[in-house]
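Naming follows writing order (A, B and C), and every chain is counted from residue 1.
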Amino acid sequence: MAAPGAGGTDVLNELVGQSYKYGFVTDIEADTAPKGLSEEIVRFISARKDEPEWLLTWRLKAYHHWLTMPEPTWAKVSFPPLDYQDAYYYSAPKNLPKLESLDDIDPEIKRTYDKLGIPLHEQQILAGVAVDAVFDSVSVATTFKKKLEEYGVIFCPISEAVQKHPELVRKYLGSVVPYTDNKHATLNSAVFTDGSFVYVPPGVRCPMELSTYFRINAAKTGQFERTLIIADRGSYVSYLEGCTAPMRDENQLHAAVVELVALDDAEIKYSTVQNWYPGDEQGRGGIFNFVTKRGACRGRNSKISWTQVETGSAITWKYPSCILQGDNSVGEFYSIAITNNYQQADTGTKMIHLGRNTRSRIISKGISAGHGQQTYRGLVRVAARAEGARNHTQCDSLLIGSTCGAHTVPYIESHNRSAVVEHEATTSRISDDQLFYCRQRGLKLEDAVALVVNGFCRDVLQQLPMEFAVEAQKLVGISLEGSVG
Amino acid sequence: MLEIRDLHATVNGKAILKGLTLTVGAGEVHAIMGPNGAGKSTLAYVLAGRDGYEVTGGDFLVDGRSLLDLAPEDRAQAGLFLAFQYPVEIPGVSNSTFLREAVNAQRRSRGEPDLDALQFIKLARQKMNSLGMTDEMLKRPVNVGFSGGEKKRNEVLQLAILEPKVAVMDETDSGLDVDALRTVARAVNALRAPKRSFLMITHYERLLEEIVPDRVHILADGRIVGSGGPELAREIERTGYAAYAAAAA
Amino acid sequence: MPGMEARGDGVLGLSLLAPGFGAGEPAGSSWLSRLKAAAARDFAAQGLPTRRREAWKYTDLKPLAEIAFRAPVADDSASVRTLSDLLDLPPPEGSRLVFVHGRYRPDLSFCDLSEAGVSMSPFNAGAGDDKALAARLLGRIATAANQPLVALNTAGMEDGLCIHVRAGVHLQRPIEIVSLGSAASEPLAWHGRTLIVLDDGAQATIIEHQRAPAEMPAPALVNAVTEIALGAAAQLCHYRQQALGTTGFHINAVAATLGTDAVYEAFTLTTGGGLVRNETSVTLDAPGAETRLAGAYLVDGSQHLDTTTLIEHRAPRTTCREVFKGVVDGTAEAVFQGRIVVQREAQGTNADQLSKALLLSDGARVNQKPELEIYADDVKCSHGAAAGQIDREALFYLRSRGVPASVAQRLLIEGFLGDALSQISDAAVREAFSQTAFAWLQDR
């Protein structure tokens, strides 16, 4: 957690690095680095982004630490060992042909867009169709940017923030998820290419949901995304990540890191819809989504709220967490996870109560269908000094079909007597009675399933910003297609 | 409108319906009465196509079309409605969402466009007004925390909105006090129409005081063992089912 | 294994298998010596579990490795006098089998032979079929693989006891098993082993009393294993009362396998112990099998109590219900780990688990890990876990009615534990266990 770049290491790295630096770059064509991971690649990424020395040093420390780390094996997911040398870490060549019209795209994807009710022009951009100049998303973005500037909100790519706001980035980067945290986060620290940076100044209530208009940009984010959001004293921000539309990517491994910092009286609401390619019905292909998301409620009365709808990816490994340091701070985790076909998800949260009268709430709704395997894994820890802490956890799993699995693994550590910690979990099959009732009223079986499952998820769906919620609701139904009948 | 021909059905391998034949003409209200275990609720579930209720012989038709091979939703779309004896609770799904999904599913099957939220609310309000119900019921999750009377009224509301050709009312009177029974009965009476048939399944005669049927049938041991006018219901109330049960055995 | 500190003997805890352990093994029991030898190899390969092993995440056995334990000397009659203090039990209703340092003591025991259809005999001295039973089942229900302490027990056990109730026999009186340790001046370790077999349709109640002196000059390691096999429709009520003083390491593993429609009911009441681990694993192997596990614990000082359960549903329509409640005072620490596994073939499973702890003091701690692992869909499973202090509003309410704070607190704790105690279906045992629990509260 220490600020990166202690002098001695810097010098050393400079000496070691300097001789390679330029020679290496000249070997490389334009914006592309060869396959594989090495110190040179890390230096290359940093150089391409014209990063300051301290950041390079930090990346290198992460890289060297990464080399010593074992793969985490505790999650209930199985996959063949990752070959880190068989991947691109910078500007992987993507064969995304420009399409002439929407008629050229995979009809399956087109159908999903329609079901989600995504406007035509957004469909075109998502699908990579060459867009008519009449629709100018950039100008829309510019309008928003102007407004944010008025309020003093900084919202830009993290690479830009490194150049323009180095003091903020240097102060907070790695302060919530240290570069030594876990194998995937450490890899991200070494090779992250871009992501979002948000800073909300004291007392400012961010005038809009950040990144609502960003759907299109979000579709192009890289595989090692790094996001850093800082809500200064008394500020508020709601950040939306991801996209309900199915996202395809040639890269199998995605290892993002998101760090949130809430100072006194600040609030951050972070909503995610994750719909990466889950693989086909036989479980071939699909994204490995190994994400580290963590928020620090550093200040008194601060609040961090995570809401996630996880329907995509072949494997999801993700535990958005809150470190409740400030007295009276609040952490929330609302989650819907759906695993269908051969998807695997091991997801949950950690609520670490350190301050007095800290409160946390966890609602997790897991739906497993087909051959899906899903695990809720959560930790609630009340430290000895967390006088008056409160936690309530509700964890429900719904099973559709006899070949899926649902698992619940909570760790509940209560080390203060005045703390009240309550955990409840249920697992059951989708109700035949409910499905029959719906069908008797004329609903198709699939629609009946979607309706009943949406009802099951309601407590979480209502935490999402309105326009997201409507699409997410449709997404729930789409994700379960083929799970019954 | 509803024609049941020599219907045989089993549940868990046990024969429950053993050759039931019955015809309800358009605009008519028929009642089926019978002792516990006669197969009354089985008949309702068989018609609606519930899993586990296996038809082993015979047929039934709505508006001249056999529904036997259809999925439950296709039967509903063909105009068959079942008012459940025990309407199930569906947490998290509001009544209005549920009903709109149902209405639109049925409209789609007829090739009609979906009702949008506004059009639907208008329709629902209109129906509720005519039944003397308030909006509040639309906002609540389907049947969750409803009293017995509210559940039955909700069934009738669905009937009013979905406008089926044949409505099978399974023990609509069970669990209701006199006032609630009257409210529900008034609503059903309001929904009687020349192109709609009702099959009222009941154990007691008192519902039939409120909804006067055209015909009354006695079901015992899986068969209709007696039919008559409304007076038959009153006779049963006096003498009980014993004679009919004996006849069936 | 990573994280293990090397000792002179290579693997942590291997001294527990030093010469002297298992010396009392009778001659001519080749199956038993083979079993023990294999288990010794298993233990040597595994060593004592460290906290890196998920099943031992919250209980640290490292202190064990620091102690040079030795096996108790056979028949230490000097210690019997001091034991009499521990034997404040009322006269037995039926059979009472007394074990001292894991060894059966006929001189202190009483075998009620008036009931037909039951036999109680050492593994090697039983009638022909009981001997065969032991040879067939021992080490098969509680396996040494991946369970280092079971391996240690198997390797280190001397002879053990087999209780066998024959088909259709309903025992009228409970069988008591009393396990005692004495205040020895040097660290002793012993590994008691019991096998309980109920044939089809048999019914029995077994009440265990595990006692240890309040203070012991030297630490002791009690590492007991009980294996239980229930035939079709057999019913066993298994009640344990553990009054374990304030020191020592008490590790109890119970493993049961259940036949069709068999019922295993177990309740454990624990007061005290230095470090106590009660591990129960039940395999519901045949359709309709049911288990009810419950317990209450009361710990204070620097005690550490670990309740670990594993229930595996492997057949259709199997049921489990668990209720554990405990109070933690002083700087004591309680652990509850409850894992329920429902395999794909176990359709129609009902599983329900509850674990609640009351923390009475500032240093008290509880770590809980309820766990559901479900591969079948036609299931109803739930678990709940909670930790907190005594309800302040209820406390205030009672005080406002004139009840002194200390009494009010005790009443509320009694009520809290009552949910667990009420799970005991035998009225006499329920009453006796409640008395013991409430006396602990009275004395604190």
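The criterion applied here is as follows: a contact is a pair of C-beta atoms (placed from the backbone, for glycine too) under 8 Å apart; a residue touches a chain by one contact, two chains touch by 3 or more.
Since we're looking at a predicted model, the values are computed, not measured.
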Viewed as a graph of touching chains, is the assembly arranged as a line, ring, star, complete set, or other? line
Which pair wins on C-beta contacts, A-B or A-C? A-C
Which chain lies at the heart of the structure, taking centres as C-alpha averages? A
Among the chains here, which has the CA centroid at the largest distance from subunit A's centroid? B
Rounded Å distance between subunit B and subunit C, as computed from the means of their C-alpha atoms: 57
Distance-wise, how many Å sit between the C-alpha centres of subunit A and subunit B, to the nearest whole number? 49
Separation of subunit A from subunit C, taking each centre as the mean of its C-alpha atoms, in whole Å: 44
Would you please write down the residue numbers of subunit B that are in contact with two or more other chains? none
Footprint of subunit A on subunit B - complex, ascending: 48, 50-51, 71-73, 75-77, 81-82, 84, 87-88, 90-93, 97-99, 101-102, 105-106, 109, 141-142, 158, 162
For the complex, give me every residue of subunit A touching subunit C. 74, 384, 397, 399-429
In the complex, subunit C touches subunit A at residues 54, 344, 347, 357, 359-389
For subunit A, which residues are in contact with subunit B within the complex? 431-434, 436-445, 447-448, 451-452, 454-459
